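Here the chain labels run A, B, C, D and E in written order, and each chain numbers its own residues starting at 1.
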Amino acid sequence: MSERVGGIVASFAGRLGAFTIDVAFEIPRRGITALFGPSGCGKTTILRCIAGLQRLEGRLQVDGEVWQDSARGIFLPPHKRPIGYVFQEASLFPHLSVRENLLYGARRSGTRSDGGRGFDDVVELLRLDALLERSPGTLSGGQRSRVAIGRALLSRPRLLLMDEPLTGLDLRAKEEILPYLAMLHREFSIPIVYVSHEIAEVAQLADHMLVVSDGKLVASGPTAATLERLDLGSVVDRFEAGVVLTCRVVEQLSAFRATRLDHRGQNLVVPEIQVPIGTEIRLRVRAREVSIATRRPEGISIRNALEGTVSEIVEEPDTAYAEVLVDVGGAKLRARLTRLAVHDLGLKPGQSVFALIKSVTLDGTPAQALATGVSGN
Amino acid sequence: MSERVGGIVASFAGRLGAFTIDVAFEIPRRGITALFGPSGCGKTTILRCIAGLQRLEGRLQVDGEVWQDSARGIFLPPHKRPIGYVFQEASLFPHLSVRENLLYGARRSGTRSDGGRGFDDVVELLRLDALLERSPGTLSGGQRSRVAIGRALLSRPRLLLMDEPLTGLDLRAKEEILPYLAMLHREFSIPIVYVSHEIAEVAQLADHMLVVSDGKLVASGPTAATLERLDLGSVVDRFEAGVVLTCRVVEQLSAFRATRLDHRGQNLVVPEIQVPIGTEIRLRVRAREVSIATRRPEGISIRNALEGTVSEIVEEPDTAYAEVLVDVGGAKLRARLTRLAVHDLGLKPGQSVFALIKSVTLDGTPAQALATGVSGN
Amino acid sequence: MVESIWSPVRLTLELAFVTTLLLLVVGTPIAWWLSRSRAPWKEAVASVVALPLVLPPTVLGFYLLILLGPNGPGGWIAGGFGLPSLAFTFPGLVIGSMVYSLPFMVQPLRNAFDAVGERPLEVAATLRASPWDAFWSVAVPLARPGFLSGIILTFAHTVGEFGVVLMIGGNIPGETKVLSVALFDYVETLQWREAHIIAGGMVVFSFAVILAMSLIERRMSRARG
Amino acid sequence: MVESIWSPVRLTLELAFVTTLLLLVVGTPIAWWLSRSRAPWKEAVASVVALPLVLPPTVLGFYLLILLGPNGPGGWIAGGFGLPSLAFTFPGLVIGSMVYSLPFMVQPLRNAFDAVGERPLEVAATLRASPWDAFWSVAVPLARPGFLSGIILTFAHTVGEFGVVLMIGGNIPGETKVLSVALFDYVETLQWREAHIIAGGMVVFSFAVILAMSLIERRMSRARG
Amino acid sequence: NAQSAVVAVSANFTDTAKELWALFEKETGHRVVLSFGSTGQLYAQISQGAPYDVFLAADDERTKTAIEAGFAVEGTEFTYATGRLVLYSSDPGFVTGEDTLRKGEFQRLAIANPTAAPYGAAAIETLKALGVYEALAPKIVQGVSITQVYQFVDTGNAEVGFVALSQINGREKGSSWLVPQNLHAPIAQNAVLLKHGEKNPVAREFLSFLRGEKARAVIEKFGYATGTP
């Protein structure tokens, strides 16, 4: 579990029936990587290749260890890869109780109660206490998903592969599990590759993104940068586009459970983030959460108004919408407005405006505040 | 398929292992009903009881027909109930091709190409063309879900029971399928009972809600009214709480692809809704989308500012937030603000304020605009 | 030898074919019932189904002889056709073979039906398929591997079956003298060359039949795999 | 009769028990290979496994005599023990019974392994279980119904098996004279009362054994059902 | 069909019966169907109404039982052949005479099941008469029929065995010793007319054919003795 250079370097190519996949990507050692793309684009296939369950031509190197190299005939069998895999369907062992399912991987990888990943912790996190002696056949869909997550977590993975693990879970469960995953990755530096359809989940959790479409990699990179690119519109739901701002904590307003941040000289107030003064954090700001004012607004509940310059206005044909890019000290905020508003306010590139941010989402770290979107109202 | 009085009147009680369920509810004939509640609360069990797959004590009457009455020993076997059931797991027939799966129910209920539910329409809607000759074993997770939905739609149901059918689907697919369901219900008056964890989906689609927790019905009624109730906080994610406003279309602003609405004398502008002037529509406004201004704001991109009176302020303990209820001509808008903002603006019950609405969601009908949230920026 | 061999060959194939077919008809509902029933005594019934195996074939044949004979129920049935007994007739042979091969049909079928599980039948019911319809359109196709096993075991066993057939059939040429009995005759009279030829023929032929059935089954399931 | 019957009873049970056990050992890997291999000729192997059934037991027994005899591999092995042949020995009986009952073990096991599917083994692999480990901890428990069927069919068949045993056993009291042979003797010499008693005892005992096994299996699976 | 008869034949007599059958059909033009089986099995079938007209048993016991039980016609029983016992080995030169038994330089001696097969009983009697039974008893293996004994010996699984002369007749290998008939009771094979064939002229004709000179010549050719009935 030592910190090594490398991360994951992978390339896979092959055919499944009429479907062709051909991808090459790198995933940095540190961080959570989202595998994102429409249904049937090949996400599960990529995950299976990494786990060694599917054998396509290609190369795979994890932390400097070569797990697969078709050219040299190297292929590490799946059970020798220290991964945790959460399958798209829960796939519990029907002949084992919930407890035995959880312990199956744990026993085989010598898990004891080591910080954060002990049996009891996982059981508590996933609320499995009452289910331990039950048979998987009697569980509800969401309960099965939770057991599957727990089973993978308890197998002491050095790399966690999760195929839409949180679908079928209610918001409360999601809100409890997501920060745990972030913590896992942070404290044990376990990289996580996470398949998801939900951009909100991706944005909240992922440091990196791989965007796949029809078996090809169409974009990859840090979540912020990837989301900033406008041309993902067809893949990423446009409502969810946004940018990431890097800020520094400058003051804790404990009475209001709020924290004041600095972004290149301007102030932002967000719900409390319990980290020391001076910590750098990243905020994700979704285009739909940003409004524009032509002068500094007063008497309004939106606390965060960043001064900037309109750099570009992109009208979406055939819709009511336009996207306005505002340059705030170098960072480009995106605001999604109605074309009516653009017209009424007479917005033009070069114009000086205030970007009103209704709410932000903490990006990646720190964990305490990850659980929920954070309103800057 | 005639319009009859009745709808669904049901009551079920029984035990599954240690789990006890005891619910009684009514579902009106017209409309989509969401079955909502945390994982393991009994949603699937209720659906199975309605379908006749699970036999608990109770009564079930659909459109005046008694499908079950344990007291009188009546139990209509499942295959005689004209339902369509989308299971939580896709459950395709592995020995049949996708086409044969789709046709299985269609053949047995005499479906022909009748408007909107013909084979080709469903195949197109669900983008199944390329998959028709494939075997279910080779499909991706999302592809399987789509086939399962298509199969249920093609069985000519007079009642559609859907157990989280859209999990595992990307946003684009969801946005295509949801309006179709709304249309189904509207044009063929097929009631739909829809299990979902996602309040956004529920709010967008459902006219009615049944909220279940631990085998008991904790709330039921029209979606709007149910979402308005504050005490659902623990069940419904608080971020997603909101209210529904009933408005009338007064003007089409075609140049901006926008529509002007009237809400009890006040104006709202929303992205274009192609319905005749005078049509009544319902807008869902989420608490997190509402800001408060103490005077009418100017030079700001938020177009919709409704004048009203603060009727209640509820601070959430241990968080940065407070919920402010604003009475707008009788309707109670909810705004989720930071406690810092409440303090800075000096908000008090009785105070006159403007509720700024950044975006709204059309509730239920009309279908054309259902696909996407609608920003009122 | 050449002409005389065709009659047993025909008879053997007829017997194996008819027995397998009838056992499919009889064994399928039994297996289905064993798989789905919740009756507390169903395992007892399942055990009874396996019992014909426990008795040596000639002994089983002897009891069958009594059952089929003029004083047993078989004779009573045979009386309807103007025969003294079902023994020493082709129908009698079929009944004997069926009793003896019953477990080979029922066991694999029951396991296959068990493996199908509840869900596909529930799905079929929600798609308007009656239990009868769902049985044919879902349970039977999904249980195909079990049918294959049942058919192979029954067919092979009936071809090779000997003790019961000899006892009930009485070795009457053209009527009850099947190939295995003919083979027995050759071995008994130490005509080993002939015995080798027949045994070799039976093995090669059965191998071909079984292989063909397996390949067809696997191809059908691969088409869907 | 009373004393003389216990030796065949013991021998029969021993034979059925040892044969079933050894067939489990031999049949399981064969069935597993048939279920998992992608070799194009595996269906041919599967068909060969079914072939012992096709030959009449006495004929099969005759060929076994040749194989076990001084000029066959069996004689070669027996030479190691200072015997001319494996025929007329208990190990020879076991080998004969195994050959004849092989399909009853392999067919149900293969079907059960097929029904397990790939997924549980993939899951096991991601949880660090080696193929060997996964086979024992996942495939075998999930294939339990197939094991039950295989054991029941093999056990019952070995108890009733007769032709082969008769052929290679030599009917040596206390060594190779099993119950079915004793029963045959009684029928052959028209001692039907004794025959009825033995047959009844075999049926009742086997019924009890099979029922007990089934109930234990169902209870185990219900604990997890 | 009055023009044909079914004859149940003990399996050890198969070869002989087939030649007799051909001869009979050629001479009389009647059809005869032969059905082979072990004597016990044939008897069980007869007792259950098997459509046999004539019963050629391998002993003289079950024909008697058949008459007593009313399945056969009284007064029609006769010995159609008397078996000759032979000590046989497939190894040329192995059997040299009764001294082979006295020396006992073999590991297995095959005999037919003495309770069911007359050849088995005769074998035991022979061993006892020679006074070697006690010594050889542990080496005895039993075949269910005389055919099986021959197979045991022929495949070499047993070095020696008591078989019927009819079995090794005309086979030019191995070594043998024809057991003198005074060492055991005669192995009488009896024939009887069954009730089913009582009114069948072909059945009666076949029985008288069997007693005739031509038939006896054939029977003796196959290694049986025939006495005057």
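Rule of thumb we're sticking to: a contact is a pair of C-beta atoms (placed from the backbone, for glycine too) under 8 Å apart; a residue touches a chain by one contact, two chains touch by 3 or more.
What you see is a predicted model, and the numbers here were worked out from it, not measured in a lab.
> For chain A and chain C, which third chains touch each of them?
B, D
> Rounded to the nearest 5 degrees, how far is chain A rotated relative to chain B when their C-alpha atoms are superposed?
Between chain A and chain B, the superposition angle is 180 degrees.
> Interface overlap for chain C and chain D, more than half of numbers shared or less than half: same or different?
Counting which numbers both chains contribute, over half are shared, so the two copies meet through the same residues.
> Let me spell it out: compute each chain's centre from its C-alpha atoms, then which one is farthest from chain A's centre?
The most remote chain is E.
> How big is the gap, in whole Å, between where the Cα atoms of chain A centre and where those of chain E centre?
So the centroids are 91 Å from each other.
> Need the CA-centroid distance for the pair chain D / chain E, whole Å please.
That pair's centroid distance is 35 Å.
> Could you give the separation in Å between the centres of chain B and chain C, each centre being the mean of its C-alpha atoms?
57
> Give, as an integer number of Å, the spacing between the C-alpha centres of chain D and chain C.
From the centre of chain C to the centre of chain D is 20 Å.
> Which chain B residues reach two or more other chains?
In chain B, nothing touches at least two other chains.
> Can you pull out the residues of chain E that are in contact with at least two other chains?
41, 44, 151 - these are the residues of chain E that touch more than one other chain.
> Please list all residues of chain D that touch 2 or more other chains.
Those would be 62, 181, 184, 187.
> Can you identify all of the chain pairs that touch?
After working through each pair, the chains in contact turn out to be A-B, A-D, B-C, C-D, C-E, D-E.
> Mind pulling up the chain A residues that touch chain B in the complex?
Residues 16-18, 37-40, 43-44, 88-89, 130, 134, 138-143, 145-146, 163-164, 167-173, 175, 197-199, 237, 239-240, 253, 256-258, 269, 271-272, 288-289, 291-295, 297-303, 318-321, 335-345, 356, 358-359, 372-377 of chain A touch chain B in their complex.
> Within their complex, state which residues of chain B touch chain C.
51-53, 77-79, 82-85, 87, 91, 93-97, 104-105, 108-109, 135, 137, 151-152, 155
> Show me the residue ranges of chain E that touch chain C in the complex, using the header's touch definition.
6, 8, 11-12, 14-15, 33-37, 41, 44-45, 48-52, 145, 147, 150-151, 154, 167
> Which of the residues in chain E end up touching chain D in this complex?
Checking each residue of chain E against chain D gives 38-41, 43-44, 62, 65, 107-108, 110, 113, 115-116, 140-144, 148, 151-152, 155-159.
> Under the stated contact criterion, what part of chain C meets chain D in this complex?
43-44, 46-48, 50-51, 53-60, 62-63, 103-104, 107-108, 110-112, 114-115, 145-146, 149, 152-153, 156-157, 159-163, 180-181, 183-184, 187, 195, 199, 202-203, 206-207, 210-211, 214-215, 218
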